[in-house]
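What follows is a group of structures, each given as structure tokens.
Next come two complexes, and both contain chain A; in the first it sits with chain B, in the second with chain C.
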Partner chain A sequence: MHPQTLRILALAVALLATVLFFSTQIDGYLSARMFTRITTSAAVILPLAVAQAIVVITRNIDLSVGSIVGVVAYMTGDILGQFPDLPPVLVCVMAMGIGAGLGAINGVLVAWGRVPSIIVTLGTLALLRSFLVEYSDARTITTASLPAWLVDLPQANAFSVFGLDVRVTVVLALASAVVMGLCLSRLRAARRVFAVGSNPDAAVMAGINAGQVVFWSFVLSGALAGLSGFLFLAKFGNITVVAGMGMELKSVAAVVVGGVSVLGGSGSMVGVVIGTLLVDTIDNSLTRWELVSEFWRDALLGFLIMAAVTVDTVMSRQLGRLARKET
Partner chain B sequence: MKKFGIALGLVASLMGSAVMAEAIKATPGGAVNLVLLPKFLGILPFDQADRGAQEAAKELGNTGTYQYIGPTPENSAAGQIEMLTTATTQKQGVVMLSNNAGDQIAAVAEAAQAAGTKVVTWDSPIPSGKGESVFVAQVDFGSIGVVMADMVMSMTGGAGEFAVLSASPDAANQNAWIEAMKKTLAEDAKYKDLKLVDVVYGNDQSEESYNKALGLVDKYPDLKVIMAPTTVGIVAAAKAMQDEKLCDKVKVSGLGLPAEMVSYTMNGCAPEFALWSFVDLGYLTTYTSYMLATGAIKGEVGETFTAGRMGDFTIEADPGREGAKRVLMGPFTVYNKDNVEAASK
Partner chain C sequence: MTVLSLQHVSKSFAATAALKDMSLAIEPGEIHAIVGENGAGKSTLIKIMTGVHQPDRGDILVGGAPVVLRGTQDAQSHGIAAIYQEPMVFPDLDVAENIFISNRNEGAVMNWRRMYAQADQIVAQLGVKLDVRRAASGLTLAEQQTVEIARALSLNVKVLIMDEPTASLSAHEVARLLTIARALKAQGVSVIYISHRLDEIFQIADRVTVIRDGSHISTRPIAEVTPDGLVHDMVGRAIDSFAVKTEASPHGAPVLELQGLGRAGVFRGIHATVHAGEVLCFAGLVGARRTDVALAVFGIAPATEGTIRIDGAPVTIRTPAEAMGHQIAYVSEDRRKMGLAMSLPIFANISLASLRKLMGLLGLIDRKAELAMAETYRKQLAIKAADTGVEVGKLSGGNQQKVMLAKWLETKPRILIFDEPTRGIDVGAKAEVHNIIRTLAGQGVAVIVISSDLPEVLALADRVLVMREGTQAGILPIAEATQERVIGLAAGHDIKGAA
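The block that comes next holds the complex of A and B.
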């Protein structure tokens, strides 16, 4: 079996085990209500995790995604307050456009400025937050200033299967993952993302414009963070300058747990979706679990990330050794 | 005329409690360089405090400079320490601080005092009181406990389960209020049928607070009230209950801003909440700081002074922090559907 397939299988088993374990611990856990709770909360993170995955595959990291979510959620809410009659699709595209623009700043600096992505995006993380503080002028976006369709969007149902409600926001988030997944595996241009990540020098030798690939991956990351920002605005409605703060860590957790290699060059969207679900399921379940105190949740999340990376490193080393023996 | 004088003396003696001293008036036109340093920039309450501070500085005819500076949200504690250090090297007169750095900032505050820059705290004090001239307290921390208990009382009809959704686990002011409420519940028999089932933390983030609120209603099916003593938590909880159509069953209350809460109060999701005026808090803090810096008051227990339109205040020992001093502002306003719309404008 291909190691990537093996990893996804292992992840799926881990998710199933988590759900089964908590179903014995929490009353009414296996319910339609709990399904909606977890899926709608994961939906806000998923586009962000997909964004992070693309960047990580190119052997970079985007720490500014949380700030982009905040800026996009705030600006979109602000614009909607002034032009409440904008059509929904345009609003969503606009949110992604703002995000893409912000991502382009990262892209230029990393791809052609040759500054390590961790430095650039750490800088834009702070810069964008400061910009938001200036831009907001201490006003809060409230649900009262938003059009009804947006406020009602998180409650809107796309369809139901076996009595489980699948919300529109969940479909939107999943669509972003599916489209990206198909592109990465089917499009020739998108395969360059993997090439650049697994060996940048070899990629350049093979005639790939590595700078361009990195630039566009940051633009894409920004656009997807913009989608997260749109979903954030719809779900929480009340937006202040702290919106989206710390979300970059959740996105990194989902990506790493989902089996995207931090060394670049490998990862799948199926893994990212399961990774996001797993992280969010654990987070939401611990909130409702009486045995574990508040203060252990973050520690557990940290432990999970470390475990995932350790297993990853050990496994790839073992596989490498096996492969050498066979030849 | 004589009668009037006696009445005035009576009022003064009542105000100054044991001390008979007359309220000290500020001498306008002094030059004090003031810095207002909030927990972080970009949210409404601190901007309101800025407005109050500017109003007071103008009234006092302060010829010194006035600056409203603060860190960005993700850099709050470290940023505050840095800015206080900078203000000291710039030889600013007074730094008015809403402390978000716990006791970490105490050493820097002591250094500031030694270099001649006074540190007056407001909204959130330095827990140990070290390096702090005086704390301008928005309300008596003990009485917040009583108000929180009373709001739960009226919303549950006197009996039932409720939970607290707070800010961060290490927020000094929120923790003090929750402790005060627990004490109130334990000491007064009229609250005996109220049961506090849980305290959770949303870290002043809307997404975390929202999810925590939903977690509470899932975990405690008989829950009647979510008490959120934080402006971010209360809005997020109200939105969560409205989204889940639970407003008839679970009410939200706590400390909130009328402008953010108005729709939830009018539709019954959060029928009652409280808050004090941040404009007044900024105003009183500026008066206190100006008078300290000009030497009109020394910052000693028992001194009574006049703070413009707000009247007379006395420096007293802080009952919550041994060895520390406070100026108590109070009171707060309880908002409901009768007054919230006017206040949200």
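The block that comes next holds the complex of A and C.
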């Protein structure tokens, strides 16, 4: 079997095992309400994980996504407060546009300034957060200032299967993953994204403009973080200066758990979706599990990241050894 | 009608002229070999032809029309591509994706089935068997090269440059690569074949060009060339800056003996003895694995076969610390990476390998003794710096070399290995380093010098050990070592009794 298929199967089994485990621990866990709770929560993370995956595939990392979510959520809410009649689609596109603009700052510095992405995005993580504090003047966006369609969006149902409600926000988030998944497997340009992450020197030798590829992946990452910011605004309605804080950790966890190589060059959107679901299921379930304090949630995310990367490294070393033995 | 030609191309880096008035014409469908010594300008020539560097003067003509090549992509669009000794593949992509990664003329959407079919077709054209759907990560070096050649074919190249393509291949793989080169030729692709291996060149080339010191020396049909003549063209340089040593200096008892020394997959069968007061030089072309022998003796990458004897007794050396215990010192080729702490002052670098000696009360460093020691070396080796507190990174290359030497001299070595001791330093400093090496030998130290600079070898050595592709090609007493003999051995062709 292809190693990638094997990994997806293993992830699916892990997800199933997690759900079964918590169903024995938490009363009323296997319910339609819990399904809605987890899927709508994962919907906010998913575009962010997709964004992170694209950047990580190019052998970079985007730590600023959480701050971009915060800035986009606040600015979009602020603009809606002044122009409540903007059409919903335009609002969504605008949120993604703001995100893309912020991503472009990262992109320029990484691709052409040749500054390591971990430093650039750590910088923008802090800078954007401070910008938000200054911009908001410590005020809060409240549902009262938002148009009704947006406030009602999280409760809007797209369709139901087996008595489980699938929300519009969930469909939107899944759509972003599906579209990006199709792009990554079908577009010729996407091959260059994988190529740059797989072997940057070879990419230059093969006549690929690596700087351009990296730049656009950061722009895309920003745009998807913008979508996440829009969904964040819809879900919570009340936006403070700490909005989206710490979400970069969740996005990195979802991506590495989902099997995207931290060394770049490989990863699939199916893996990212399951990884996101797994991370968010654990995160949401822990808050209801009486045995463990919810302050351990971050620790668990950290553990998941380390475990996923360790398993990955050990496995690829073993596979490498096997391959050498064969020849 | 030439497919690619260079006309009077010159290229300099800083003050060094890498190419001087170079002219070269490649005919369609020919295999054109280019040979030259280390530093003859081959790499620069390739980089000019692939658009990595732009010439300072002169023209590049493709199909008779002058062009400017602004980069690899630009060169590719003019039908020129190169493959290198170390192939450049994408381990996470499959073979077919690797082949078509540079292809820009296809649509925006991938047609996987068609891509695999075309990849199969190109691989078949090359006459090799390769599953185009498998990931590139497990491919052998030879298979990775095949992928690169296939990539070039997919771009419809007219000229394919192969830079030392067989340097890391087994005999069987070499034969297959030569077959591929002939297949390319049969399809009208011109191959520029750069190799140190004269036997391959005589097997495959239609014409051969010799370059030396950045200049074009000769281009002749292979039928009109003999191996002797080729070697003669490669070295035919007058030695001016250094006197050639004609006679071995007197020396004492054997100190270091290497008996069948080897390291699996790297080098093997090295037999040599270095006596007290003797200078043994390791000569060979780049990639002959000379440094690996030094790394084995010094315990950085220990030997896996053979015996090392010191004063006649067999020893095992697994780590640099053990080597230093046997009073072996290794002055590395790479000053920056393995030799010096650039941000530390001179005295701290000199004392680094002998800190134990300077340890005083409570294990603290005796700073006064440390400075005194450094000062002695500053005077003795004429290190040009105001005092020993100057950061090593601020010194010139030659002075850095002296600091590194001082560090190892303080360990009082009986066996001293120099790896490219004068690379990248100016002529004056070079002569000083040579004098220091001679003085050390005069004091009874057994010296090994690894050098790619042939005049340097002939000026320093009592004996010359020539390596070729990880094996010992020969060992010559200085009286028998001529440039032709050494280069001939290094390239796999022994010229006996030639002038």
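Definition applied: the second predicted complex is superposed on the first by the 326 of 327 C-alpha atoms of A that agree within 3 Å, B and C clash if a C-alpha of one lies under 4 Å from a C-alpha of the other, contacts with A are read in each partner's own complex, and residues count from 1 in each chain.
Definition applied: a residue touches a chain if its C-beta (ideal position, glycine included) is under 8 Å from a C-beta of that chain, and two chains touch if they have at least 3 such contacts.
Keep in mind the model is a prediction, meaning the values are calculated, not measured.
Peer 1: Since both structures carry chain A, what do chain B and chain C do when superposed there: clash or fit?
Peer 2: With chain A as the common anchor, chain B and chain C both fit in the superposed model.
Peer 1: Can A:I239 be said to touch chain B (first), chain C (second), both, or neither?
Peer 2: The first partner, chain B, only.
Peer 1: Looking at A:A202, would you say it contacts chain B, chain C, both, or neither? Reply first, second, both or neither.
Peer 2: Second partner only, chain C.
Peer 1: Could you tell me if A:R191 is touching chain B, chain C, both of them or neither one (first, second, both, neither)?
Peer 2: It touches chain C, and chain B stays clear.
Peer 1: Could you look at A:L90 and tell me whether it touches chain B, chain C, both or neither (first, second, both, neither)?
Peer 2: Touch partners of A:L90: none, neither chain B nor chain C.
Peer 1: For A:G265 in the superposed arrangement: first (chain B), second (chain C), both or neither?
Peer 2: second
Peer 1: Who contacts more of chain A, chain B or chain C?
Peer 2: It is B that touches the greater number of chain A residues.
Peer 1: I'd like to know which partner A:A299 touches here: chain B for first, chain C for second, both or neither.
Peer 2: neither
Peer 1: Centred on chain A, what angle do chain B and chain C make, from Cα centres, as a multiple of 10°?
Peer 2: 120
Peer 1: With both complexes superposed on chain A, which partner does A:I119 reach: first (chain B), second (chain C), both or neither?
Peer 2: Touch partners of A:I119: none, neither chain B nor chain C.
Peer 1: Working from the superposed arrangement, determine the closest approach of chain B to chain C, counting only CA atoms, in whole Å.
Peer 2: Minimum over all C-alpha pairs: 30 Å.
Peer 1: Show which residues of chain A both chain B and chain C reach, each in its own complex.
Peer 2: Residues common to the chain A contacts of chain C and of chain B do not exist here, since the sets are disjoint.
Peer 1: Chain C touches which residues of chain A in the complex?
Peer 2: The contact residues of chain A facing chain C are 185-189, 191-192, 194-195, 197-199, 201-209, 261, 264-266, 320, 323, 326-327.
Peer 1: Of all residues in chain C, which touch chain A in the complex?
Peer 2: Per the stated touch rule, the residues are 71-73, 76, 88-93, 97, 100-102, 106-110, 137-138, 140, 151.
Peer 1: Under the stated contact criterion, what part of chain A meets chain B in this complex?
Peer 2: My answer: residues 28, 33-34, 37, 41, 44, 125-126, 129-130, 132-133, 136-140, 142-144, 154-155, 232, 235-243, 245-247, 283-284, 287-288, 290, 294-295.
Peer 1: Can you tell me which positions in chain B touch chain A when the two form their complex?
Peer 2: Interface residues on the chain B side: 40-44, 46-47, 72-75, 169, 200-201, 204-207, 210-212, 214-215, 218-219, 232, 235-236, 239, 243, 257, 259-260, 262-263.
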